[in-house]
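The two complexes that follow have subunit A in common; it is paired with subunit B in the first and with subunit C in the second.
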Partner chain A sequence: MLDQVLYAIPFLLPGLLVTIEVSLITVAISTVIGVALGVGLVYGQWPLRWAIRGFSDIIRGIPILVLLFFVYYGLPLTGINLNNFAAAVLGLTIFKIAQVIEYVRGAIESVPRGQMDAAKSIGLPFHERLAYVIAPQALRRFLPPWLNGVTDAVKGSALISLLGVGDLLFGIQKVVGRTYEPLALYCFGALVYFALNYALSLASRALERRFSYIRE
Partner chain B sequence: MSGKPTGATPLLRIKGVQKSFGSTHVLRGIDLDVARGEVVTIIGPSGGGKTTLLRCVNFLETYDRGSITIDGAEVGYRDGEARKRRTETDLARMRAETGMVFQLFNLFPHLTAAQNITLGLTRVRGLGRAEAGDKAMHWLKRVGLADKAGHLPSELSGGQQQRVGIARAVAMEPKILLLDEITSALDPELIGEVLDVVLSLAADGMTMLIVTHEIGFARDASHRIVFMAEGTVGAEAPPAEIFSPNQPNERLRSFLGRFSAAHRL
Partner chain C sequence: MGYDLNFTLIWRHFDKLWSGLILSLELAILSIGIGIVIGLILAVIYVSGGRIARALIAAYVELIRNVPLILLVYLVFYGIPTVFDFAYDNTTSFVMTLSVYAGAYLVEVFRAGLDAVPKGLIDAGKAIGLTPWQRLVHVRLPTMLRMTLPALSNTFVSLFKDTSVASVIAVPELTYGAQWINFNTFRIMEVYLVVTGLYLVTGYAILLGLRALERRYSIGR
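Right after this comes the complex of A and B.
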C-alpha cells in the first residue's frame, strides 16, 4: 500500500501545484475586487449599493458547483468561450468575491460610528478616512473570516477536477484509475489537503496575533 | 467671563436652520451668531436638538433649510447654489476649519496619543513629521499629558482621553471649536481637569460653541448662553441675565429650577 502511494507522488505533484496556483489566483483576485465592492456596499450611492447587494445575495445563494458548471457550460452559449482552467478560476473567484464583500461589510460596520465622525472632523477626505482610520480598525475583524476563507478556497478548488482541470484531486483520480487502490490514495490525498490547510491555519493564527494589539 | 469680543461680522452665522429625521422635526428654524473669540454655550432639555445643531455646523449632519456660514462660506453646500452639496475635497477642507470634541472622545484606538494629533497635521495641514510631532507635543504639554504621548487611548483614563481629544482638535488651529457634552461620559472626579483645559482655551481667545449640562461651568465660561428646547432658541443672553431670578422665559426658569433642585446648586 505504501508502494502505491510512493508510486503516485510524482504524478500528484503537478496536480498539487495546480491546486495551489488556482487557490492563490482565486484568493488574490477575489480579495482585491471583494474589498472594493465591499467598500462600495457600505459607502456607495444607493444604485451601487443595490447592485452589489443583489450580486452578493444571488451568488451566495447558488451552490458553488452550479456556478462552476454555469461558467464552463453556460457562458459558451453567450459566445464567451473559456478553457477549463480559466472557467474554473472565474467560477471560484466570483463565488469568493461575494464572500469577501460580506467580510468587508461586517468588518467596517464593526468600527464605531464615532470614528468616522472624528476622522471627518479633522478634515480627512474620504479615501484618507478609509486608509488611516477605518481600515486599520476593520482589519482585525476582517482577517479571521478571510483567513478561514483561504482554507475554504483550497478545499473548494477540488471541485474544479469536475471540469477536467488537472488539480490534486484530478491527479489522485487518475492514479486510482491505474492502480485500483482507492482507499490508500484518497487517504493520502486527504492528508495532503489537510497538511496544506493546516500550514495555512498556523500562518493565519500568527497573522491574527500580529494584529491583536489593536484594541477598542 | 467678561470682555465680550465685538466683531463686525460674526464668525459663525446660523440662519433659519431646519432639520428633520424622517417625520421628527428636530431643528425648527435656528438663528444663532458666534463672534470671533466668543464663547457661546447651549443648554436645554434632552432631545432639544443641541447635538444635531452642533453636528450641522461641521456637516456631520446635513440640514434641510436655512444656512450656516463660517467666515462667510456656506457649510456643506456650495455658495450661491441652493442645496448643492460641496465636493468631498471641499467638505474636508471646510471641516478642517471647525474642530470638534465628542462626548465619547472618539480617539483613534490604533494610534498613540501623539499620533492621534499628528494624523490631521500631516495629512490635512501638510506638516512634515518632525514639525507635526513638535506641535503634538506642544499641545499634549498644554493639556498636561506630555508623558503620555506614546500611550494608546486604551491606556489612558477617561479624563486623559478627553484631553487628548481636545488637543487633537485645537492642534489643527480651527477657527471655531465645537464641544458636545465633553464631560458627560466622565467620572465626576475627572470632570474638573477637562473643564480647566477648556477655560484656559477660552482665556486664549478661542472661539467656542459648547453644549453642556454643567450649568455652573456654562455660567463661568460663557460670554453668552443659549437656551434651546424643542428645536428652537428659547432665550439667548449673557449668563447674568439667563440666571437672573427675573428671567422672563418660563420654560428656561423651570429648566434651571429642575437643575438646581437636582444638583443643589
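Right after this comes the complex of A and C.
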C-alpha cells in the first residue's frame, strides 16, 4: 500500500499546486469583491442592498457543483467561452463572494451602533468612519470565519476535477486509473487535504482565541 | 447574445428532474437521520467520556470536516469494496458517506449545545433526585436540542445541497437528472436554470419550515 503511494507522489505534486493556486486566486478575488459588496449590503441604498441580498441568497441556495456546471457548460451558449480553469475559478469565486458578503455583514453588525454615531458626531466623513472606526473593530469578527472559509474554498476546489481541471483530486483519479489502487490513493489524498485544511482551521481557532477578549 | 431559451425539451423530460429532486430529498433525510444518531451518541460520549474517547471523536470530526465530500464519496464507493469482500450499490454507498459526513458536523453542533446547557438546570435535576441517565434524557438532551435549532437548520440545508455530489457516482438525483437532460437535448442553459430554481425553492422551503419550528421551540442561549 505504501509503495503505491510513494509511486504516486510525483504525479500528484502538480495537482496539489493547482489546488493551492485555484484556492488562492479564489480567496483573493472573492475577498476583495465580497468586502466591497458586503459594505454595500450594510450601508447601500435600497436598490443596491436588495440586489446584493438577492445575489447572496441565490448563490448560497444552490449547490456549488450546479454553479460550476452552469458556468462551464452554460455560459458558452451566451458567447462567453471560458477554458476549464477559468470557468472553475469563476464558479468558485462567485460562490465564495456570497460567503464573504455574509462574513462582512455579520462583522459590521457586531460593532455597536454607538460607534458609528460617535464617529458622526465628531464630524468624520463616511469613508473615514468606515476606515478608522468600523473596519478595525469589525476585522476581529471577520477574520476567524473568513479564515475558516478558506478551508471551504480548498474543499470546494476538489469539485473542479469534474471540469477536467488537473487539480489534486484529478491527479489521484489518473493514478487510480493506472494502478487500480483506489483505497490507498484516496486515503492518501484525504490526508493531504486534511493537512492543508487542518492547518487553516488551527490558525482560525488561534485567531478566535486571540480576539476572545471582546465581549458583546 | 443570440441564444433563444427554449424550455420545451426540459418540460418533456421534467419527470427526470422531479424524480431526481425526490431522491435528493430522500438522500438528505436518510443521511441527516443517521447523522443525528451518530452525532447524538458521540456528543454524549464526548462530554461524559474519558480522554481516549474524546481524542477518537475529535479525530473523526476533524478528519471528516477537513476533507472534501467528493473525495470521501470516491473513497467509500471505489476504495472500500476493493479490500473488503462486499459491494454495495451507489445509492447505499452515498447515503453511508453523507451520514458519516453529516455525523461529523452534527457532533460539533450537539457537543457545543450540551456544553451550553445551564448548569443550574442539571443541578436542579440532581436536587429532585434524577439519576444521571434521567438527567441526560429529560433535562440535558431536550434543552440542548432546543438551543441548537438555528445551527441545525443551516446544517440541514447545506447537507441537502451536498446531495448534488452524489451525481459523480451516478446516483440519479437532481444534478444527475440535469446532466442526463444535458447530454440528450443539449438545452444546457435551460436545464440549469430550472435545476437552480428547484434547489432554491426546495432549500428555502426547508429553511422556512425549520425557522417556523425554531420560533415555536427555540430557546436563546
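Note that the second predicted complex is superposed on the first by the 204 of 216 C-alpha atoms of A that agree within 3 Å, B and C clash if a C-alpha of one lies under 4 Å from a C-alpha of the other, contacts with A are read in each partner's own complex, and residues count from 1 in each chain.
FYI, a contact is a pair of C-beta atoms (placed from the backbone, for glycine too) under 8 Å apart; a residue touches a chain by one contact, two chains touch by 3 or more.
Source: prediction; values computed, not measured.
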### Query
After the match on subunit A, would you call subunit B and subunit C a fit or a clash?
fit
### Query
With the two structures laid over each other on chain A, which partner does A:Gln137 touch: subunit B (first), subunit C (second), both, or neither?
first
### Query
By residue count, is subunit A touched more by subunit B or by subunit C?
C
### Task
Using the superposition on chain A described above, determine whether A:Ile9 touches subunit B (first), subunit C (second), both, or neither.
neither
### Partner chain in contact with A:Phe126 - subunit B first, subunit C second, else both or neither
first
### Query
Centred on subunit A, what angle do subunit B and subunit C make, from Cα centres, as a multiple of 10°?
100
### Query
Can A:Ala118 be said to touch subunit B (first), subunit C (second), both, or neither?
first
### Message
For A:Leu48 in the superposed arrangement: first (subunit B), second (subunit C), both or neither?
### Response
neither
### Message
Applying the document's definition of touch, where does A:Leu183 land relative to subunit B and subunit C: first, second, both, or neither?
### Response
second
### Minimum distance between Cα atoms of subunit B and subunit C in the superposition (Å)
24
### Query
Any idea which subunit B residues touch subunit A in the complex?
55, 58-60, 88-89, 91-100, 102, 104, 106-110, 119-120, 123-124, 152, 154, 168-169, 172
### Query
For subunit A, which residues are in contact with subunit B within the complex?
112, 114-115, 117-126, 128, 132-133, 136-137, 214-216
### Task
Flag every residue of subunit A that touches subunit C in the complex, lowest number first.
58, 61-66, 69-70, 73-74, 77-79, 151, 154-159, 161-162, 169, 172-173, 176, 180-183, 186-187, 189-190, 193-194, 196-198, 201
### Task
Quick one: which bits of subunit C touch subunit A in the complex? Just the residue numbers, please.
1-3, 62-63, 65-72, 74-75, 78-80, 82-83, 161-165, 167-168, 175, 178-179, 182, 188-189, 192, 195-196, 199-200, 203-204
